[in-house]
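Sharing a structure below in structure tokens format, with a few things to ask.
Letters A, B and C name the chains as they come in the text, with residue numbers starting at 1 for each one.
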Amino acid sequence: MDINWQFIISTLPLYQKAAWITIKLGFWGTLLSLVIGLVCSIILYFRIKVLKELVEIYVELSRNTPLLIQLFFLYFGLTKLGITMSETTCAIIGLAFLGGSYMSEAFRSGIEAVSKTQIESGLSIGLSQMQLIRYVILPQAFAVTMPSLAANCIFLFKETSIVGAIAIAELMHVTQDVIGMYYQTFESLFMLVAAYLIIILPLSFLLTWLERKVRYAEFGN
Amino acid sequence: MQNLGINVLFEGTTLQRLFEGLMMTAGIAFISIIIGSFLGIGMGLLRTSKSRIVQFICRLYLEVFRIIPILVWLFIVYFGVTNALDIHLDGEVVAVIVFSLWGAAEMGDIVRGALESLPKHQVESGKAIGLSFWGLYRYVLIPQAVRRMLPGAINLSTRMVKTTSLVVMIGVIDVVKVGQQIIERSIIKVPTASFWVYGLIFILYFIICYPLSKLSKKLEAKWEN
Amino acid sequence: MNKENHQVLLEIKDLHKEYDTRTVLDGIHLRVHKGEVIVVLGPSGCGKSTLLRCLNGLESIQGGDIQFDGESLVGSNVDWQKTRQKIGMVFQNYDLFPHMTVIENILLGPIKVQKREKKEVMEQAAQLLEKVGLSDRKDSYPRQLSGGQKQRIAIVRALCMNPEIMLFDEVTAALDPEMVREVLDVILGLAKQGMTMMIVTHEMGFAQAVADRILFIDEGRVCEISEPKEFFTNPKTERAQQFLNIFQF
């Protein structure tokens, strides 16, 4: 098979731009997911009435429906009820809606893994509930749950491939366009896979490194 | 509101068509889960192999699916492979191929995890009573491993069902595509059609996936005790 | 030394504790005077650990009253955060925070809860570490310490809050036998300095050496309160006699 290098070079800027969009979406999606997940897991930990039930419903809805449908519902469905937002906003909200529940589950299991005696020993030196969460529970939960958080992060970066469906010029969308316009299928797909490898592999190494780093400070007992 | 948009769902054959689309989606998921499970069991057995090369290849196979998004795989097979081999494959076939291969990779990992979690003395006591390699798997390891891998396997099925929503991107007339057609047809008359149709599809997916993930959680909790 | 005419620091009146329908503590009465060391003995499951945990608000109680420094610790308006600063507690599993160094473990309470000056707390911590012989370990992580060392740090962590009473809940039960001594020596040292303490232990020799009074509990009730010499040589109740026999070969 002849590879049309000329074509690859000429579409490189297009893919570069798309890759940045993918990274941007993945970054904000992950960040917001972490925030949502953290808030949800703290609500679950304190068993705050009503909010706890809402969080549980949210987690089930989010985990048991596909991102594509969530996005379509947000982007096409809600706009028809007068709620309008840009594609990018919509994509990030969609990713955060999806990721938030995954992160919440990860944090929850991390918090559950902190032993009861750790909590008691925190209480016995007079820590308040908030201080207990901040200085004792979260640092340990974070270390336990780091592998899950990392997996979720990779998962969300991969899920950005779906938001092209609502007209965002990320990698998938650009590839679809390029294949449609120039019929250079092989080259386009090659660029697509290469772009994902360039994004996901370093991210994955970074997260593994971070995991080890965080774990180092934890667990001695 | 002069015309409740929700009526769009009950006009003519709308519900029936959506149901047919759903059956297409469910069919792809079902066939892929079956094929993926069988391939995955083989894969899992291979992954417990002592050979470094076999282990490496299997691991690579899994990672390749974990690093590249499934939608990209659908594109690679739908556009790339068909182009390279100069054949035509329907979107449905492409979807089944990709989901089955992906399922095999993930299922293999679940099977491996289950086999490795079995206490070592089980293998030793199996060998001690003179079981052959296959006998060991058939009578000792697999029955125990099945129990341990069930929650994970059900979870994977839920993931595969959810992922089937992507087949619309490679031209399959699935529930999402049917939904889009209905919306396009009625958009002038009922501007809120997309809210109701996508809302319904959202609920349909939930109805399928929720019991599965509940079941998986229940089995997991049962297994822990 | 008789401390019964010292001021009463802690008074437990008719304390009842139930788990579901099972009665764990059934009408405990006790007065702890300032500077007094009470050792709580009894067969496992008799409720002695639960008693200590009630004093620190880690368990809810179903009846009776606890007065600490003249204030009741019963009811929903007890400021446990404030009270726990005055009641130091050390647990069986030396629960140091694994993600913090020794000094961070010690400083957390004084600085975050008591809002004290770091410099002043550091000085106190250094003195206490010196006393337990661990000055050189202040920047270690808990995982780098032996069980005995961890337990000594846990004691320092509690002491650094300047508590008025210390509760020790089977602090040597999880230790290797050769490390028990180093921890008990620290507690003996505290007793000599006049620290008020309640100690749950299974170390009979230690109990005899450290206690001003022995509180013997069985099935949630106080069977006997007496001075150690009397308790070990001439127990008043049959239950106590049986209990002591277990420890003799």
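We take it that a contact is a pair of C-beta atoms (placed from the backbone, for glycine too) under 8 Å apart; a residue touches a chain by one contact, two chains touch by 3 or more.
Note that this is a predicted model, so its numbers are computed, not measured.
Q: Answer with line, ring, star, complete or other to describe the graph linking chains that touch.
A: line
Q: When all chain pairs are ranked by how many C-beta pairs they have in contact, which pair ranks first?
A: Ranked by contacting C-beta pairs, first place goes to A-B.
Q: Which chain is most central here if centres come from C-alpha coordinates alone?
A: A
Q: For chain B and chain C, let me know how many angstrom lie between their CA-based centres, rounded off.
A: Between these chains, centre-to-centre, one finds 56 Å.
Q: Based only on mean CA positions, could you tell me how far chain A sits from chain C in angstrom?
A: Centre separation, chain A to chain C: 47 Å.
Q: When the C-alpha atoms of chain A and chain B are each averaged to a single point, how far apart are the two points in Å?
A: About 21 Å separates the centre of chain A from that of chain B.
Q: So which stretches of chain B touch two or more other chains?
A: In chain B, no residue touches two or more other chains.
Q: Would you tell me which residues of chain A are touching chain B in their complex?
A: 1, 60-61, 63-70, 72-73, 76-78, 80-81, 154, 158-159, 161-162, 165, 172, 175-176, 179, 185-186, 188-189, 192-193, 196-197, 200-201, 204
Q: In the complex, go through chain B and note every residue touching chain A.
A: Per the touch definition, chain B meets chain A at residues 66-72, 75-76, 79-80, 83-84, 158, 162-166, 168-169, 176, 183, 191-199, 201-202, 205-206, 209-210, 213.
Q: List the residues on chain A that touch chain C in their complex, please.
A: 115, 117-118, 120-128, 131, 135-136, 139-140, 143, 217-221
Q: Where on chain C is chain A touching in the complex?
A: 56-58, 80-82, 84-85, 87-89, 91, 93-99, 108-109, 112-114, 141-145, 150, 154, 157-158, 161
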